[in-house]
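After this come two complexes, each holding subunit A, first together with subunit B and then together with subunit C.
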Partner chain A sequence: MKNIKQFALGTAVALGVGLSGAMTTAVQAEDSNYVPLLTYRTGPYAGSGIHIANGMHDYLQMLNERDGGIGGVKLAIEECETGYNAQKGVECYEATKGKGALVYNPYSTGITLQLIPKAGVDKIPVLSMGYGLSAAAVGSTFPWIFNVPDTYWDGASVVIKYIGEQEGGLENLKGKKIGYIFLDAGYGREPLPLLEQLAEKYGFELLQYPVPGAEMQNQSSQWLNVRRDRPDYMVMWGWGAMNPTAVKEAVKIRFPMDKFIGVWWSAGDDDAAAGGEGAKGYKALNFSGVGPDFPALDDIKKLVVDAGKSSTDASSIGSTLYNRGVLNSVIIAEGIRTAQELTGKKVITGEDMRLGLEALNLDEARLAELGLKGFAHPMKVTCEDHAGSNPVFIQEWDGKKWRQASDWIEPMTDVVRPLLEQAAAEYAEKNAPWPARTEPCPN
Partner chain B sequence: MFYREAGQFKTSYKADQALFPILQDRVGLAVILITAFAVIPALANDFFLTSIMIPFLVFSLAAIGLNILTGFCGQLSLGTGAFMGVGAYAAYKLTSIFPDANVIVMVLLSGVFSAAIGAIFGLPSLRIKGLYLAVTTLAAQFFLEWCFIRIPWLYNYNASGAIEVPHREVFGIVATGAEATPLARYFIVLGITVLITFLMANVLRGRIGRSWMMIRDMDIAAELMGIRPLQTKLMAFAVSSYICGVAGAMMVFFWLNAAEPSSYSIRLSFQVLFMVILGGLGSLGGAFMGAAFIWILPVVLKFVPGLLGFDLAAETVEHATFMIIGALIIFFLIVEPHGFARLWQIAKQKLRVWPFPY
Partner chain C sequence: MLYDIFIDPFVQMYQMPDFFLQVLWEGFVAGILYALIALGFVLIFKASGVFNFAQGIMVVFAGLTLVGLNENGVPAYLALILTIGVMGVLAYGVERVVMRPLVNQPEIILLMATIGLTYFLVGFGEFVFGGEPKQMITEQLGLPTGSTAFEIGDRGLVILQHIDIAAAVIAVLMVTALAIFFNKTRIGRALRAVADDHQAALSVGISLNQIWAIVWFAAGLVALATGIMWGARSDVSFALEIVAFKALPVLILGGFTSIPGAIVGGLIIGFGEKIGELYWGGLVGGGVESWLAYIIALIFLLFRPQGLFGERIIERI
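For the complex of A and B:
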């Protein structure tokens, strides 16, 4: 025992010495554009996070392999594991921002909220693609935050519009019951003001079924209530392990799956597959391409995945969340390219990147050029509107894979935009003195 | 040889009762304080301050808070995370109601609210002991977390449901918000932590601290000797929750800048409890050592593969870190169940008799 204790002492001393010596930061090469990716391949949300992380990484890696980076400059890609944990997210941010980071994609509402005030101070834009703070769409208040192509409020309005279409017109929603099952956190609660407003406007009843984050794998009580209330439609705002659980429970109580609609973060292949044969007909919003049949994805498969330069399983290429990650990286890459064109520099800074993202114009011709024709709706960022409220579509699970089930549906911008403006003004007021926009507008 | 107090004679009661009677301890403490107040600010970069030192100090303070309750008064609690949350939300409400008030004062005041809540949830401790008490404090954890989510007044009706720390200045220096320099935040956190630690070190050797320890060691005997369990236990709950509350407020104000209710989940309670157990129950120094082990070591371990030239994927490093930390926890608890504080005592004794151990 004595020896073991001595060994323990020695270990403790060695650890202490090691701590003091280990702190040096890697130096970034001068001739590359550094893109840190805050990803999570561990923890309760890894099931969703791994596909996103793979998609983001693989597209950028493919640009390095195929084109030698962007504008002749290689991309330095570094992943930092956040585990969807806000503490670790901030740690990742602090660890990477000094290396000339161009843009951050936190993939967590909690981390996004922490980075929003820092973005303007550290001069590094945040790209929260279809998540985060909806109000950030107001570019005059949040010049450093981008949430193309849509905010949650856009998504919620599309769901209601789609349900209206199914019922033969929004006026037929009167007297209907729409259930809303959501992750009981900032993310799931955010659409509530809009849904309540629409409920009042169109006369439907909104039933709420919150799912606490700690118990997202046990939703039997919520679905028991669903069975009792018999809503005409169910709408879901879930993430991570909450999605497959909800689909499974819905199948179990024999809820008509074609009347169950998830947000774009509840649109994973694994989420729907969890319900087995019974999940057939489950619907979800989406704004990134369905399936692997795009030339750019073929390039990824050939140059990155088959070449063993990624941890992606080849069969997951083309899954919803993988494609979502790819779209995220397309926006990053196009932002960098636009910034290079605007500034004439090859190696850009966070400030240049902000200009590039604000001047982003991903039109149909450009998408086709990238080998991603029809992969996303053409999107354009303006200085006033950082989200763009772009149309989204509904996809349906056929038991094996997703297929597109509707055309592109425009969000109700007339309802959403005033809410966004109001929320942005409130945010600025609560966080007074919020800096007024001084950044130049590139377009 | 190194720790021999031979020749250090005490000639007055004052010297005999000093907080650190041995010269070597005083020198050691002075070195630590000089390092913390002068060397680290002079040499450290932003990453070291914001991701290592500030969280380390915040967690140390929280561990001291829990240590008072669990280590000194013997009441097991799993509600630390929630009590930290109460402090954070109280400080947030206070600073939004009084935007011009000094934010440091607000942070210190916020602890009062969590002390009150802590005392209320401490009431069952008069009837319930040990693991059963842990279950009732677990109820506090879940109830308070529910409040953070469901009472929109607490987070000023923000659409995001999170609290975001506004820009505040103290004596003309930006103290909170995104513009606050890591150095300013570090000094505030360090100041508060050192102040509270010093206060507690004195309280713990006085009448109050001793009555807590009597309750811990044998409550019936303590009662027979005139210690009132109601007041003593509730005071331990209140003081512990106060310190945890201040730590929680510092966590969001000077470290994270924004917090969701999930930041104060049961995970945080366990994190702090592990720091206390690993550092050593009933030891202030142990709280610091435990916090360093649980917080700093994983952060540093992440850099080790890169320094050694291994190119590992981020998640592999994360998994490896989990395993190494887990193995080390088991290892240290097997060789020394009383934690790092006890290990340090053994080390001191060894240094004392070195090089001729007997």
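For the complex of A and C:
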């Protein structure tokens, strides 16, 4: 029934405004702040994308319902379906940027890479929260791109650090084999430079198992290779249908699941549940809250989900990817609030939003004030560092749900930061003439 | 280099017989699953000369219908029967709405119509069932789960998944049933007559419309079996539609009109890509599986352009 209502609403809106693939849930007005959400609820990656989209939408909608928006100004939220396709993502960007978009969340490294050169030209920041181009953390080169709270290179360094801890120290990684199974796309290839560097530094062998997008649900060859190579640990950078298939295949070849660690995008509840009982012990990185027990999530349930203003049902609230979407919108909302404070304006522009994101300071007190105490590690953006290299934790699947299995682990910033700066310089050189930063620094 | 190509792979096969047997088993299972998908294409091509672009999405649609009905409280076996009914309704609808108005149109028009059907089923499927992947109701359907491991002396284990064994058994039963249907029944013979010559079949009173509805229904049943088996191995999601195109090299190899060709072609591709990937793939950096199947098919085409079992067409001028 809910699907029929959504379909009818979506069709009516699409017909009414002549927009294909876009679902408007609030009408943009001059007295609102317009937030387009590039989402994917269809296609091979919908299994991950739907939860993220719901989380992002519902938090912003809750602010509208509970607080009347931010700073007394409603948020105009509009979704545009990208299908995780870079071309469609750019089409969504072009179709919505003229409406006063404050920020873009591409939810795809491929789309992010396309938008990076456009952001500075159109004066609209891109928030690629924990994904995208790692080098974009260097604010002096990429003033319009934000990948707080962590880059993929931070994540990869935490995985290696964690594996080192399990082995009694990083020095004990010498001679070990670490397998890396990844979606053979910009996203999956992004951590490779760092992993290769760490392999050289610590003397472990890095075995690579690329999974082409068309073969996401047909991974038996990759896992047969894993069985033959007998790596000591497996690390996964998967998305969409790749994740549950990989977990199932790992169970099938009897790979020890406590030595199988996914990135934070391979941490969905459905991903792990697909492996059944055999998936117990599967681990994944995470930087957002586990479970539904947060006052802000209670407000979402009461004001948005129970009120029939969400596409999700209450049982999804608290799932890893839903919470991730919520955190994404928390950062958007705090960016808007900070921008309003900095500029004294209620209705802000993309340029104002950039200032707000660059001055973002989500400390413990603010998280508690938002009803999200412990939901994320405190994070602060600076003009130099747009990621923050914040600590992340390891979560473990107990057969039914995720539970936090480690303290917060700091990334290896001593290794990651110089590499980020080098990569940023290389990017600027390759894309010459890359504009020198002229944007003001708010802090 | 020559050693790596001509000697080392065979040394590995000898030194790790458990692994080699596992590769053969995985190749066999993959081959069976490819063959099941290819079978759906062959059935429709045989009867109407149409390359059914929608076969992949029919696999997804059938799987989603089954799981979706069960999620809404319909018992598994009743859901299975209802899904068969849905595939029947779909077949009838396709015949009435898509095929019948396009009789005697060029084949490219019919192909375009099946592409349109694909997008309709994608949209309709997402509208009814949502875009989220669903877990196949393997246990509720009484299909076996778990695995059995066989020790190969002291050389290691071969692990057989019970669902894979079930897939093989179901595929064999399905092919046998189709073979009996085509060869021993009146409708089957009529279908072969339609495949040979539409006009001749019409002239002896065979109903083209009825045959097409039956053949689309048969392809729907094959899609359902494929959806259950692939769904049990990963999950039922729209990504499965892409996997269905793994059947293309199988069709090139086996011929578009041969049921045995689909089976043998599927097995050759299944074995070939697994052995190629595992023993020779490393020489070129791995990841050869996605294109090796086409290379195998093209090599066969050099010698048999009509495919292994396809009909040789000779047109005299």
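Here is the rule we go by: the second predicted complex is superposed on the first by the 415 of 443 C-alpha atoms of A that agree within 3 Å, B and C clash if a C-alpha of one lies under 4 Å from a C-alpha of the other, contacts with A are read in each partner's own complex, and residues count from 1 in each chain.
We take it that a residue touches a chain if its C-beta (ideal position, glycine included) is under 8 Å from a C-beta of that chain, and two chains touch if they have at least 3 such contacts.
Predicted model, so just to flag it, every value in this text is computed and none were measured.
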item	value
Which of subunit B and subunit C A:I253 touches, first, second, both or neither	second
Contact breadth on subunit A, by residue count: subunit C or subunit B	B
Touched partner set for A:L133, first subunit B, second subunit C, both or neither	first
Partner chain(s) touched by A:D184 [first = subunit B, second = subunit C, both, neither]	both
First, second, both or neither for A:Q217, with subunit B first and subunit C second	second
Touching partner for A:A436 - first (subunit B), second (subunit C), both, neither	neither
First (subunit B), second (subunit C), both or neither touched by A:T42	both
Doubly contacted subunit A residues - partners subunit C and subunit B	4, 7, 41-42, 184, 212-214
Contact set on subunit C toward subunit A in their complex	16, 19, 22-23, 26, 29-30, 122, 126-133, 135, 145, 147, 159, 161, 230, 233-235, 237-240, 242-243, 245-246, 273-274, 277-278, 281, 286-287, 289-290
Footprint of subunit A on subunit B - complex, ascending	45-48, 50-52, 55, 96, 99, 149, 156, 158-162, 164, 166-167, 177-179, 255-263, 265-266, 292-293, 296-297, 299-300, 303-304, 306-307, 313-315, 317-319, 322, 328, 331-332, 335-336, 340, 343, 346-347, 350
Residues of subunit A defined as touching subunit C within the complex	3-4, 7, 41-47, 49-50, 184, 208-210, 212-218, 220-221, 224-225, 227-228, 240-241, 244-245, 248, 252-254, 270, 273-274, 276
Subunit A residues within the subunit B interface of the complex	4-5, 7-9, 11-12, 15, 18-19, 22-26, 39, 41-42, 78-81, 83, 86-87, 90-91, 94-95, 98, 109-110, 113-114, 116-118, 120-121, 133-135, 184-186, 189-190, 193, 212-214, 311, 423, 426-427, 430-433
